[in-house]
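Each of the next two complexes has subunit A plus one more chain, namely subunit B in the first and subunit C in the second.
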Partner chain A sequence: MKVACPTTLAEAISHKALGFTPVAGATDLWAHWPVRTANHDLSYVDLSGLHELRGIAWSAEHLTLGALTTYWDTMQDSRVNAEFPLLIAAARYVGAIQIQSRGTWAGNIANGSPAADGVPALMALDARVRLVGSNGERTVPLDRFYTGYRATVMGVDELITAILVPRRTYSFTAFEKVGPRRAQAITKVGFAVAHSADGWRVVANSMAATVRRCPSLEAILNASHPNPPAEPDLRAAASKDLAPISDIRSTAEYRTEVFARLLRSTLATMTARP
Partner chain B sequence: MLRLEGLSKLTGAERYADDMPLCDFLWGMTVRSQSPRGRIVDIRFDPSVDWSQFTIVTHRDIPGCNEVYLIEKDQPILAATHTRHIHEAVVLLAHPDRQALRRAVGKVKVIVDELPPVFDPRAPLAPEQLQHGTENVFKALEIRKGDAAAALTAAPVVVEGEYATGAQEHVYIEPNAMIAWTDEAGVICVRGSLQCPYYVLNALKHAFAREADGVRVIQTPTGGGFGGKEDYPSIIAVHAALLAHKSGKQVKIIYDRDEDMAATTKRHPSIVRHRTGVTKDGLLLAQDIDIIMDGGAYVTLSPVVLSRGLIHAAGPYSCANVHVRGRAVLTNCIPHGAFRGFGAPQTHFANERHMDRIAAHLGMSPVELRRRNLLKKGQTTSTGQVIRDGVDRCELLDAALDAARYDARRQRHAEFNRAHPYLRRGMGVATFHHGAGFTGSGEDYLASKLAVAARSDGRVEVRSASTEMGQGTLTVFTTIAAEALDIPADRVVVANPDTHLVPNSGPTVASRTAMVVGHLIERACDDMAGQLGAARGLSSAPRGGAFLAALDAWGRENPGRELVGRAQYKKPEYVQWYDKTYQGDAYATFSWGAYVAEVEVDLRTFSTRVTDFVAVQDIGRVLNDTLAAGQVTGGVVQAIGWALMEECVWERGAMKNNQLTNYIIPTSFDVPEINVKFIQSPYAHGGGGAKGVGELPMDGPGPAILNAVADATGADPCELPLTPERLMRLIPSGDAP
Partner chain C sequence: MSHDTMHIAFTLNGKAVEIDVLPHERLLDTLRYTLGLTGAKEGCGEGECGACTVHLDGLPVNSCLVPTFQVRGRDVRTVEHLSPALLAPLHECGATQCGACTPGVVMAAAWIRDNSHLLSRFSIRELMAGNLCRCTGYDGIVHGVERLVASEQGAA
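Take a look at the complex of A and B:
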């Protein structure tokens, strides 16, 4: 095993280009480490020395989360709490305090798990991912970041340096996670929902090969706004948008049914409010 | 009294097997079969590895018999010609570098000519699937009382049901661990994480064809067992010893969690069918019960698990006509083994769910149905055992209902359920019992021995093979000896189990330690105090201050010597058991429980949360409040896991979710306040008046929780674990919130 510990972004990118695996909080990378002997042969580039990847910044348009921002960093930040309760709701559901204080939002994105909890919240807020590679910088909307199961648009030489979350006024946001127990569990069914002047966003996790936006659901929600759509329409739209599977953790039937029930009940809490 | 080893465990100072400093040692690992059943045709060592750097052991290196020494000797230490389950051990490797070893294990391929396996214990068998006897049945047993068939025919009401339970992984916090070496005298020694030093000793004797003085077993501090370290350590110990024997070095085998979960034993899955005859007002007339337990690939402990399951199957109820049949059958899955409760949780689950089904059928309250049938003093169990002692079963039930505020709460739930869009609350009850000690004539057969030594340093040493594994043996033994001699606890030491130094007080299993072995401590103390009295010319065996004064005086005159008091198990006079007819006193005594669970079911997600739990029990006299309550609380939590979330996902007889990421045990967030109450009734033949407590709390929560789910939702769940995916199939889709 080789580990590079660069102090500049340029060095880190050149290592990445050589096939080094970036390490942020290592909470995904080093789980089950002893028995994943193949990983012991890889080379790693430790991002912790890159100060430009740290910190939470605000501009008129964006909240910017440096790539090393942890869940805990956001949970401790009163402005993020006030303006983006959806992010905080998701952060609280990730693992428990040990993971929240090491795991990064960017690591959650780059890891590419369809069960990721941070990604749906960010995607529902139209977050964009800033990538820097040997040819410079580009910004990709998170909802176009994934190309398939654990596959992303990130180039071999690219790193995530920041996540940009547009600042908008939201009339409603909600985050739901169903795991096999009440904490420390991988999501079986999950979603984030947001409504602003830009319309509805519905993003589901563990319901397809990637975390995924649900265009049909968003369309019927926009059409029926401010009332919730009828239940059969909701179910029909969900079945167009999503492709849940049966696996070691749950069944396709369960995921389909529970997604519909929870979404309906979540939307009911919005309309129940005056 | 504070738990003796508590502080060192709390601070991390305790040294478990993996923490023991060793120098110049090898790591050991196991190459396992990837095939559920077949003939081994070849073992291929990848030529890219320099195998001369490794110690390699196959069945040919076993000096004695290639048999794991247990009830039947059908299981090989290392598969020689055939494999019967995935993860069966075939080759052992040792190397100084653990990572090199991990990689090398993947470079050995066991080539198998596959034969047709069996995975469903109920499926009809083709002749080519036969692997044990004429029907793949490891053991068949039967209990008969009265004439159940006739009584069922005549009964005004007959209620039927079928109930199933899944396998369960122990998840002791310390995975299996063993260190082996040969000492200067040529004795093969092992020390490690284990419950039963003498089981391991017998296994080593058999595998190495040696007498007891040629082998030695020492227990290291053990991070939990729950039955998972009852039989399996015999295998790892022999494996480590074979590698040590061949390499001439110390060898340490520490299973990774994944390997431990994949390769070691689980709780027996079960299917239990009930047909019950009752009067219209709920008196039991006949119980006909049929039990199938999935034994896995080898016999291991299945016959005794089945036996305990059978004996508890009819529950703590009086019924004149009972017929219980049971079979433990072979499947090509890892062997199922001992697990806290040992067959009784499975059959209690079936019976207690069935009681609620009977109550629903009769339109009677489940509490009232139980009250009418609970055993009273003088009545007999299914084996004809007369109940002579213990707190009245109805008193326990009433105490549990009171503590749970059962009636008031149920009324509030009815209103809540009418009003709430998707949450449903309910309550469930279970009444049950658990026999303490080995079944039938088992304790006679064990004939456990124990010694207590008065040492010239003024201290008293308890010598037994009973192990501390987190459950409190050290503390409780110290208390019993101190009470028996009326001396301060700091004058008592408990010897570390080491087969060269302690007599065989039997295995640390079956809720027998405090009751059976504890009583031996008292008798050995009597013997020793008598010897001391005689040595000092006293008129009687001294106690208290007189004992200490006599010991100090004797110690000054006899430096370096000791007076050893001994005791051997003698069954209480009244105990009679007839193995041929399966009639009589199945256990010297029973502990009794009445548990009440409250749940909340979310109809959006079908998940069940236990929101309140009351556990009332009679375990004889409570020797240590904190430890006893800890046993009950821990047992309830383990049973909540079994009832609601712990599911082994099988693929070709191998556990697919052998990681803690995907095998879901409860966290503190999934567990409610557990209100533990004891109603005490000292038992005359138990250490300090104790009966068993270790296993009892595993028996009640499963059915109490599922009964509560039935109460909350109107569903009739009959299978554990009741995962949300299973509950969804039981709730009509029209009930969508």
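Take a look at the complex of A and C:
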């Protein structure tokens, strides 16, 4: 096992291009580390020394989360709490303080788990991902970031350097997670929902091979707004948008049923808002 | 597999240390087997149980999920650094039984005591949710942390 500990982004990118695996908070990569012996033969590039990836910044258009921003960094930030309660709701569901203090929003995106809890909240807010590689910088909408199970559009030489979240006025946001317990559990069924002047967003996790936006659900929500759609319509749309599987954590039947009921009850809390 | 060692320096319980570590070492193992600090315990090895909790730059972390190479230049505090007096309120409230989770519980509790302003936004239960205890049923732990925080505020 080789480890590179760069102090500049350019150095980190050159290691990434050579196939080094990026490490930020290590909360995914180091789980069950002693028995994941295949991972001991990989090479790693430690991002934790890159000060240029730190920090939360605001512009007129965006909240920008540097790639090393942890869940706890946002939970502690009064401005993020005030303007983006959806992000805080999601952060509070990720592990507990020992994970929130280490896990990063960007790592949650790059890890590519369909059960990621941070990704649905960011995707429901139309977040974009800033990637930097040897040929420069580009920005990709998070809802175009995944191409399949744990597969992304990131080039071999690219690193996530920041997440951009557009600043909008939201009339409704909600985050739901169903797991074996409130803390520390991997999600069986989850979603984030948001409504602004740009319309409805519904993003589900643990309901398909990737965290996924739900265009059919968004369409019927936009059509019935400000009232929630009828439950049979919700179920029909969800079945078009999602493809849950049965695995170690749950069954496809359970996920389908709980998703529909939880979405219905969540939307009922915003009844008759203009 | 390459086993080139890495030389790292960091602050451990207030003292500067410099050691050679293997690249694949976890902070938990470095503390226990290289530095002889066996207070942090391995429970699950996947960041769920909190028995290996230490403070990294003042925040609770699972030391089983920290690559040792990441603590270079940083501040690490373990349960050995805490005053044994911290245990009294936990003992009084029945917060300990077999003791396996206790070092991690105490590290989380000490962090809450030192950051009691957080309790206006977070409950003790939420802040202690990363520490599993299979003996006490948690009420004793929550009461013990309440008493610890109250004693600190009384002393201040």
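Heads up, the rule we're going with is that the second predicted complex is superposed on the first by the 271 of 274 C-alpha atoms of A that agree within 3 Å, B and C clash if a C-alpha of one lies under 4 Å from a C-alpha of the other, contacts with A are read in each partner's own complex, and residues count from 1 in each chain.
Note that contacts are C-beta pairs under 8 Å (C-beta built on N, C-alpha and C of every residue); 3 or more make two chains touch, one makes a residue touch a chain.
These figures come from a predicted structure and were not determined experimentally.
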First, second, both or neither for A:Leu262, with subunit B first and subunit C second: first
Which superposed partner A:Ile99 touches (first subunit B, second subunit C, both, neither): second
First (subunit B), second (subunit C), both or neither touched by A:Ser250: first
Which superposed partner A:Gln184 touches (first subunit B, second subunit C, both, neither): both
Partner chain in contact with A:Cys5 - subunit B first, subunit C second, else both or neither: second
Subunit B versus subunit C as contact partner of A:Gly148, first or second or both or neither: neither
Touched partner set for A:Asp46, first subunit B, second subunit C, both or neither: second
First, second, both or neither for A:Trp33, with subunit B first and subunit C second: second
Contact residues of subunit A, present in both the subunit B and the subunit C interface: 31-32, 34-35, 40, 182-184
Footprint of subunit A on subunit B - complex, ascending: 99, 102-103, 106, 256, 258-259, 421-422, 603-607, 609, 645, 649, 656-657, 659, 661-662, 664, 666-667, 669-670, 723-725, 728, 733, 736-737
Complex contacts: residues of subunit C adjacent to subunit A: 1-4, 6, 23-24, 26, 45-48, 50, 53, 56, 59-62, 64-67, 69-70, 72, 108, 111, 126-132
Complex contact set, residues of subunit A against subunit B: 31-32, 34-35, 37, 40, 178, 180-186, 189, 231, 248-251, 253-254, 257-258, 261-262, 264-265, 268
Touch list for subunit A against partner subunit C, complex: 1-3, 5, 23, 25-27, 30-35, 40-41, 44, 46, 48, 72, 92, 95-99, 101-102, 182-184
